[in-house]
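In the two assemblies presented below, chain A is common to both, partnered first by chain B and then by chain C.
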Partner chain A sequence: MNSRTRAIVLATGLAVLAAVPPVAGLLNQPFYLDLVRRIMIFAIAALSLNLILGYGGMISFGHAAYLGIGAYAVGVLAHYGIDNGFLQWALAIGASALVALVIGAVSIRTSGVYFIMITLAFTQMLYYLGISVEEFGGDDGMRLAAKSQFGLIDLNDGNAFYYLVLAVLVLFLFLGHRLVNSRFGMVIRAARSNEARTRSIGFSPYPYRLAAFVIAGAMCGLAGALLVNHTAYLTPEFMNWTRSGELMFMVILGGTASIAGPVLGAFALLLVEDALSGWTQHWQLILGPLLVLSVLFFRRGLAGLLFGKNE
Partner chain B sequence: MLEVEALATAYGQSQVLFGVSFGVRAGEVATLLGRNGMGKTTTVRSIMGMVPIRGGAITFEGRPLQGLPSYLVAQAGIGLVPEGRQVFPNLTVRENLLAAAADRFRRADPWTLDKIFALFPQLAGRRGHFGSQLSGGEQQMLAIGRALMTNPRMLILDEATEGLAPLVCIEIYRAIESLKASGLAILIIDKNLRALTRTADRHYVLEKGRVVWSGVSSELVADRDAQHRYLGV
Partner chain C sequence: MDIVLVLEQALNGLQLGVMLFLMAAGLTLVFGIMNLVNLAHGSFYMVGAYLATYFYQLTGSFTFGALLGLAGTLAVGIVVELVALRTLYERDHLDQVLATFGLILFFNELMAILWGRAAIYATLPDYLSGHVELFAGVRYPLYRLVIIAVGLAVAGLLWFVVARTRLGMLIRAGASNRTMVAALGVNIRLLYTLVFGAGAALAGLAGLMSGPIHVVQPGMGELILIEVFVVIVIGGIGSIRGALAGALIVGMVDTLGRAFVRPMLATVLSPSAADTAGPALASMLIYLLMAVVLALRPQGLFPARS
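Right, the complex of A and B next:
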């Protein structure tokens, strides 16, 4: 598939997403607006994870940490009566980047299974921190006092919020594409395939990887800020390790070798989950084998099926 | 330009290099010769900082290199074309070259994509292909191109033509000749003795981790005994 048809596929996908609010309104089914918005938020998180997992070869099993940090940044400020959205979201991004810097600085010195375990361990620490802070609801979490205020854009308006999420998704698809194809992205990808060779052309991979890790964390932090506005509720469950696993699965199911892959993965996983859970309460029994089969037979993910080899 | 003095290197308990000494002068093409397992690649890996050395000194343009991590050795101006080529399989030809591009010494006439493609026209048509989709010869051309894009002051080729078809070998040596003509210092490891004696100026023969013979091309060609004893030809 050449780049032109790929652009057409992408444009069609975006057109379909843009058409969801009016169609849902016409059919009087606000549920779908809600569902697709939630999926897009997870797509943003999965997309950010893919920057380090797919392109950087850094298998972070703790990416949900930044969803949680972004959500808590918004929730805690709102709890103290600060509902300025620009401030809240800036904190969500900044705090996520800072935590990613600390976690990355330690974990990127390791690799393979150690990297997986360290990123998991850090996220579990944050998860238990969330549980232990009674002021913010502890285990039970707390209601978001008020949605982020942006002046012109009112997040209480379902359609406006939907289009904001879509805009962030499109922006991140664009930024991700630019990043991966930049010189910086080339070094990250080169280091994934051959670290020793990357050194011998004059690069120490560490600072490049750390920068990518921080960028991915910051992007996921914004997804967290969106998520808490979407659910209007926050709990430490946002940082649960199963959430990190779901994000990884979206990335792998969708395809690690393309920017749009994880978005497909998020849609496939959450739509199937939604359909199955409406049908039987033992839906996980069916979803599990489906996921195993998809990994066995679509090694390049859904993006590989759709876009062909050279994406 | 490159001076290696009494270099000693070991992998764990087993010592491989027992005081290797040699040098490469500016603009010169030198070779490391010897049978398999005599320490040629280990010498290269020691220079590049890819294995820790036990003793000896490595200086490049008066600067000590020993103890430096390999990315700093590369930044000092040594471009490596590694054994087994090892191009980045998940990057395209163009990206393999651009990822390496650097002009740390502000050369008057730095390497560009176009110049690499002029040196290896075969690569030009493959610029959008991934490293994994290239033939062995194309991979070697790309590996050389990638090293050149760092604008090195010296090039090291480890197993320059190993496993390549004869026509491709000719192509590689043609490129090496043209690099030599441009004044680049080069250190080559290869088995192709006839091409080496034609292209290179000076030769060092390694045996069991020591330099046992050294001399210029005409001396090596004349010394049938050394060729037979150390190289098995």
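Right, the complex of A and C next:
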């Protein structure tokens, strides 16, 4: 598939997403607006994870941590009466970047299965931290005192919020595309395919990997800020390890070889979840084996199916 | 802080440590030999706890319940290996993590369907409940002592099997060069299935022993699984010695931290600040320990020789 048909597919996808609010409004089905907005927020998180997982080969099993950090940054400021959205979201991004810097600095020293387990363990640590801080609701979480205030854009307006999320998604798709095709992105990808050769041409992978890890964390932090505004509720469950697993599945289902893949994966996973959970309360009994089968037999992901083999 | 309390908490730490070791041993063996990351290891812990509780109610005998639970977990482990995991040995770690994540969802929901989502409180028979007096004035629950004894006995047995028997020799050989072992006429697939089943049974043993102390509920395996990851990262992945050392360290640090961090903070901070920071710090302690160990020795304390 050449780049032109690729662009057409992408544009069609965006047009469909942009058409959701009016169509949902016409059909008087606000539920779908809500559903697609939630999926897009997770798509942003999955997209950020793909930067390090797909392109960088760093299998982070703790990416939900930044969803949580972003959400807590917004929620805690709102709790103390600061509802300026620019400030809240800047803190969400900054705090996530800082936490990613600390976690990354330790984790990237290791590789392989150690890396998987360590990122998981650090996220679990943050999860327990969230549970034990009673001031912010502890285990139960707390209501978001007020949605982020942006002056012109009112997040209480479902459609406006929807388009804001869509805009962030498009922006991140663009940024991600630029990033992986930049010199920086080349080094990250080179280090994944052959670390020894990367070193021998004069690049030390560590700082590049760490930078990618921090960027991915910061992007996911913004997804967390969106998520808490979407749910209007703050809970440590945002950082639950199953959340990290779901994000990984979105990336793998969608396909790691393209920037848009994880978006497809997010839609596939969450729509299947939604359909199954509407059908039976024991949906995980079906979803689990489905996921196992997809790993065993569906290796190229949805993007591979749609766009053919790239790279 | 009086000495009795410290001793009591140290024994609790030892008890948690042997429990973590039973889990970590299976996980680290499976990783060391088959190169498989098995997230669903926590599911065997849960299955063991449920089966033992169920069989105990059915037969009325704690011992029979435990034995049947153990055998049941072994069987479940073997079936899982044959059906799903066998094909994953040659795949990369990412695929293994994702597939076994799917298994966790399946098992958690299966237990919820069979026995409900609500927590079940397993009971102890009379001869295992009650306290024993260790020495004057120090009383300790008998059952926890039994757990420590069983755990240490299993650790010894495991050492004997791996280091002193023909089976153990094959296991060690399989860990260092599987192709060569297969070429020498050993049925390596059967060996893998056996090792996996044994690992599952060890996890089941930990689960069924934990039943009467904690509660039995869907998802119970994952909480301990993540602590087990910390254990084997600290100890060094693939090494049983490392698993034992890591388990005891983590068990002690976690238990003593939960008991003493808050009172110790209260001597420096105000009581209310200590009440807030104490539990948070205590629950993060083992992860901080892991970070320090990794910063100093990225391969863990006792890296496997390979």
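As a working rule, the second predicted complex is superposed on the first by the 310 of 311 C-alpha atoms of A that agree within 3 Å, B and C clash if a C-alpha of one lies under 4 Å from a C-alpha of the other, contacts with A are read in each partner's own complex, and residues count from 1 in each chain.
By definition in this document, a residue touches a chain if its C-beta (ideal position, glycine included) is under 8 Å from a C-beta of that chain, and two chains touch if they have at least 3 such contacts.
Computed from a predicted structure; not experimentally measured.
S.K.: Is this a clash or a fit when chain B and chain C both end up on chain A?
M.R.: Superposition check on chain A shows chain B and chain C fit without a clash.
S.K.: Does chain B (first) or chain C (second) touch A:Phe86, or do both, or does neither?
M.R.: Neither partner.
S.K.: Once chain A of both complexes is superposed, is A:Ile252 in touch with chain B (first), chain C (second), both, or neither?
M.R.: In the superposed model, A:Ile252 contacts chain C only, not chain B.
S.K.: Of the partners chain B and chain C, which touch A:Asn194 in the superposed model: first, second, both, neither?
M.R.: So A:Asn194 only meets chain B here.
S.K.: Determine, under the contact definition given at the top, whether A:Met186 touches first (chain B), second (chain C), both, or neither.
M.R.: first
S.K.: Quick one: classify A:Gly202 as touching chain B (first), chain C (second), both or neither.
M.R.: It touches chain B, and chain C stays clear.
S.K.: State whether A:Phe174 touches chain B only (first), chain C only (second), both chains, or neither.
M.R.: After superposition on chain A, A:Phe174 lies in contact with neither partner.
S.K.: Spot which of chain B and chain C makes contact with more residues of chain A, would you?
M.R.: In the superposed model, C touches more residues of chain A.
S.K.: Quick check on the superposed pair: does A:Trp279 touch chain B, chain C, both, or neither? Answer first, second, both or neither.
M.R.: A:Trp279: touches no partner chain.
S.K.: In the superposed model, how near does chain B get to chain C, counting Cα atoms only, in Å?
M.R.: The answer is 13 Å, the least C-alpha separation in the overlay.
S.K.: List the residues on chain B that touch chain A in their complex, please.
M.R.: 48, 50, 69-71, 73-75, 79-80, 82, 86, 88-91, 95-96, 98-102, 104, 130, 146-147, 149-150
S.K.: Which stretch or stretches of chain C touch chain A in the complex?
M.R.: Going by the criterion above, the answer is residues 31, 37, 84, 87-88, 93-95, 97-99, 101-110, 112-113, 222, 226, 229-230, 232-233, 237, 276, 279-280, 283-284, 287-288, 290-291, 294-295, 298.
S.K.: Touching chain B in the complex: which residues of chain A?
M.R.: Interface residues on chain A, with respect to chain B: 183, 186-187, 189-190, 192-194, 196-204, 257, 310.
S.K.: Quick check: in the complex, which residue numbers of chain A touch chain C?
M.R.: 53, 59, 61, 106, 109-110, 112-114, 116-118, 120-122, 124-125, 128-129, 131-135, 241, 245, 248-249, 252, 282-285, 287-292, 295-296
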